[in-house]
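What follows is a pair of complexes built around chain A, which joins chain B in one and chain C in the other.
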Partner chain A sequence: MAQSQTTIPVLEEHLPIPAVAEGALSEPRSFVAKPELQAKLGFPGELVPDWEKKAVDKLEELLGKYRGLRVYLDICVKCGACTDKCQFFLGSGDPKNMPAARADLLRSLYRKHFTPGGRLAPDLVGAKPMTEAMLEEWYTYYHQCSQCRRCSLACPYGIDTAEISMAAREIMDCIGRGQKYTNEIIAKALEIGNNLGMKPPVIRNTLEGVEEDVEDDTGVAVKYPLDVEGADIMLVVPSADFFAEPHIEGLIGYGKVFHQAGLSWTLSSYASEAGNFGMFIGSYENMHAISNRIRKAALDLGVKRIVFGECGHAWRVAYSFLNTLAGPWDFLDPRYPVPQHICELTLDLIERGALSLDRSANDERVVTMHDSCNIARASRMGTRPGGQFDIPRAIIRASCNKFYDMHPDTIREKTFCCGGGGGLLTDELIPVRVAGAKPRMQAMKQVMDRHGVNTMVAICAICKSQFTKILPMYGFDSDMIVSLHQLVGNAIQLGAKE
Partner chain B sequence: MAYELNGKTIEHDEEGYLTDINEWSQELAELIAKADELPLTNEHWEVINFLREYYNEYQIAPAIRVLVKAVKKQFGEEKGNNKYLYELFPYGPAKQACKIAGLPKPTGCI
Partner chain C sequence: MSTLTVLYAILFYVAALILAGGLAWRVWSWFKTPAPLKVFLSPAPLESTGAACRVMREVVLFESLFKSSKWIWILAALFHASLAFELLVHLRYIMVPYPAPFALVQAFAEIGALGLLAGIAGLWARRLLIDRVRYISGLSDHLMLALLACIATTGLTMRLVAPTDIVGVKAFVLGLFLFDWQPLPGDFFLLAHLFLVACLMIVLPFSKLLHAPGVFFSPSRNQWDDAREHRHLAAWNAAFDAARKP
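The block that comes next holds the complex of A and B.
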């Protein structure tokens, strides 16, 4: 099964707005979920009879539930502000990846059935009925949107294209056309407790291995506790932190922070996943079920605080929706944010002098930071605007001596998606992921050339995996991408505070 | 979608992972590796065998770190790293090695 060749874009000094290349990404298509998988999530196994009508019915239901959706479908004036903002358009030139054009794939059906103009003169207003061809285009191009909302930032009306893409995916799931990658992961999170499907014994085995390694490295017995009842803090991390590189280096860093600060903490095998893929398919029911595992674990363990690890979409769901999904959280200690991000906790400890950090431990690194899209545009950290950008940077500056930001149009709220978010981190979409990473690769190359940057920090499991895979395709070293708490973990002088 | 081995049809998914892991055999591993144009050496087999033992115990492939440690124990310090595993399995130790070992594809944010 040799993998097909993907064309790797050439990086230039500045990122040009590409000429339109009709159909450039029309071929990559994610695998469709099999009937048994669909059933696990409560969706029909294959296209239901009368699916064209069922799709319209579902759209009507969503319009009734989410008033924003109707507004977004109504108010686009085709001003063009979003056209050159999407990384998948910038990397490919495929005009269907212009956000307004992507939204029009759903908008045309909306117009057909829910606007007077569309009912009376469909051809004049671009109104179209649901057909096999429309479904195919939806399936292809709504799985080339990472729901990062960079386009929404540019839209003068604030149209949230992510909401439109979630609605389109929800409609597809409900008529029996689901995506294998996302739905397989949701099924595992529901059945086993995390996206990877790691059962408690393997998490325990992995953590014991980590404890051994850290003690070998540092001579200090740092604990990585699992399912400890009565701990003060429950840390919820993406399961990639137990499994993948460089994610696990971040997990090691979290443990060192807790250890040096003398905090009582635990991981949970029941709530062993921070990420919530229910959001990717707009499925409130699945989002709710995944979030409720966190509530149950917190109650069962009797913890007082919940802290989230480095996971982008997790933090969006946690920061923005956790209370409505799984609240009220009145059993937690009200003196701390509910939930709290590990970066908030770590910076607070640094500022209070509770951590002993030696920046020179990271002196071989010249560091930049990729802001993860969901953290950047769908959440906040700390008490001040922009905390989600300033807090991680303050931690980096406390952990290493050499830090350079990338071009201002590519960071903070203007950051790009890594190219793998929102359910795109699957191998059959590699051409899409390579195209989507291009703007970031371009900006990164600029700081490499100017400042000798050799390390890029991210605080999201998807970003880390995406770059590990894509960096070598652009000719860069896959080790360039690191966890933020990997830098912290390197810099901490264990024993200094004991 | 299926592998043909000695007249027997063995189903796999879109990416070549076995539908039923009990269908795996050493001969089949050679065949899967051949489809990836990867000749299997002793080093490959050590990794494959470790993956299968680990899977039997935990019903999932080991974390990369756990695999690296096992390889280090077996082949020595200079081979105990992620890069060496990528040399052995260019499409990734987790994914390609699992496929050849007959294990399900690891999923998630990886």
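The block that comes next holds the complex of A and C.
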């Protein structure tokens, strides 16, 4: 439905910075969460009486909790360095998608109530009180920010609009205006254990199916164990890995890696989700509750290590926050980092010669890599800064012969969001997602034209889902997007080490 | 003692108090607010020294700006370098004795002021001409540039066109420090220059000029990356641990 409304965007050789087009994306608006759903997350069902004041109170509370929020609201000089960096602006020209303008939507309320300038001369400094119209703009444009932090990279003071949009969403949730898509997923993760609401028998079935397929394919009985007490490693994957394409090919790859390396591992049905949408709505409470399922699962299964599968924001929460949220990890094997990324584990095995990979198995592929924003700018892999870029690339190079990076301004720490991160991966936001994907599509087209690239690797469940949906809208094949461990799984010569 | 001298003396005491008090209040509000989650922008340095260097590179070289926008970087560098240079030039009003090496900068004072004006003009032009920057600019952003431009212009005018009694100015300034008020020369450009400087001092702690101290407190830049090694708890989120089942 939404698909037909969206015209196929034209890609040029270089992505021009669009002219300001006011209101270009003012229409798409994500569905509001119903009262029953809000209640499951501990939020009021609908706008509370006196919500204007409650919003200010909540802002005050958050200002006391997060230094970044306070500093970022204070120090923007409106220099403009961030204005041409956000993919949602680049793809649409809507000025409220320029990071400084997006931040100003909340900043105007902050100025009004928490700065002398805003109290004395509101018009001079753009201070505004909370109104229905302000709430509407917040709801629209804070749900067009994927919290990718590309603006923070550009800003001379590191102002991180992601922090501001998280705070705005937290305020909206607390006055009773939540977003259906994100909150539904959080509710499922809390109730059932994963974002898709797959109950343990369903997961078990799926894994059995995977085992059969892999055995049919390779003749080797690779196991995909679930809830095995006493396993060494607990693997936590985004639940999309259990069934979505191309995600599941990644899951198949993880299993082959563990199998060939002879590692003892298990998945958990209780912590069957790596993702943590609590971060998207800035809710420490929900983020904490979801994270601690992983702690409980690790304790119950008695594992020694925790490894995360391919997912971007999941890895941000895991790498940057999990220790704070759910640590300490004194019950795990101290020789390994907690948590560990599957890419760290795989590359280590490759370097130690524990995997036998045949690159030519991927010879029909000419590969490029989309760095996922959360992994690129909010986490690390390995022991050196930038390992999050080098480690996946090293694995790609070990798994295939033909790899070309996209334009340097569009990869590594300068990467774009896929356009679907941060709670935007919902159908009613398709126009926003198409706009946000444009810079990536343009950079990808460039390497397709120059090097014949036909495959783009991502290590994030959201990126994979987003591109699968959006690639055809730009006239590309949806199966261009693959999991990194799909390449590994293809290249791995099972039996060679047996 | 003329009324003018008394008025200006009081103005500067008030301005200095507001500047110091306002800054202290703002910086304290940042300082006391916890930063309970690791939100460094990666790739980030792994240790505190690296993070300190990263912040210093932002402060001295405007590193991120250089990478993200060469035009703004050139104009901002010109503006801030000229401003720093002019502050150096103005040290002569508060230093006794005035050391000879410092006096060298006096020869270039006009160039500094012109640099300042050129920087302001360039930044202002961007604000007016580029649709994106025009969109995010508020009235206060324009007024701030106007204020700085007027300060530079009145200063330059005294240098080039209407010199003032700088010995008298120095006596007035030192008198303020010693609480022994000396008469302030009554030239128009001097009075305008000083009045505008006092205005700048007063608005600084309540305006975007807070970016100067603020950059030191920016978590995306000043945190180092040891997220997997250490927990990062503030009082409020540490409380969650207690509520947790084992």
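To be clear about the criterion, the second predicted complex is superposed on the first by the 494 of 498 C-alpha atoms of A that agree within 3 Å, B and C clash if a C-alpha of one lies under 4 Å from a C-alpha of the other, contacts with A are read in each partner's own complex, and residues count from 1 in each chain.
Throughout what follows, a contact is a pair of C-beta atoms (placed from the backbone, for glycine too) under 8 Å apart; a residue touches a chain by one contact, two chains touch by 3 or more.
What you see is a predicted model, and the numbers here were worked out from it, not measured in a lab.
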| item | value |
| --- | --- |
| When chain B and chain C are modelled together on chain A, clash or fit | fit |
| Partner chain(s) touched by A:Gly495 [first = chain B, second = chain C, both, neither] | neither |
| Residue contacts with chain A in the superposition, chain B compared against chain C | C |
| First (chain B), second (chain C), both or neither touched by A:Leu63 | second |
| Which superposed partner A:Pro35 touches (first chain B, second chain C, both, neither) | neither |
| Touching partner for A:Gly230 - first (chain B), second (chain C), both, neither | neither |
| Partner chain in contact with A:Pro16 - chain B first, chain C second, else both or neither | neither |
| Closest approach of chain C to chain B (Cα atoms, Å) | 23 |
| In the complex, chain A residues that touch chain B | 1-3, 31, 180-181, 184-185, 188, 194-199, 201-202, 205-206, 209-210, 213, 238-240, 242-245, 247-248, 275, 311, 425, 427-428, 461-462, 464-465, 469 |
| Of chain A, residues touching chain C in the complex | 17, 19-20, 63-68, 70-72, 74-85, 95, 98, 100-101, 104, 115-117, 123-126, 149, 152-160, 163, 284, 288, 292, 296, 299, 319-321, 323-325, 327-328, 337-339, 376-380, 385-386, 388-389, 413 |
| Chain A contact footprint on chain B (complex, rising order) | 14-16, 35-37, 57-60, 62-66, 69, 82, 91-92, 94-95, 99, 106-110 |
| Interface residues, chain C side, partner chain A - complex | 26, 29-30, 33-46, 58, 62, 64-65, 67-69, 72, 76, 126-127, 130-133, 135-141, 143, 203, 206-208, 210-211, 214-215, 217-221, 225, 227-234, 236-237, 240, 244-246 |
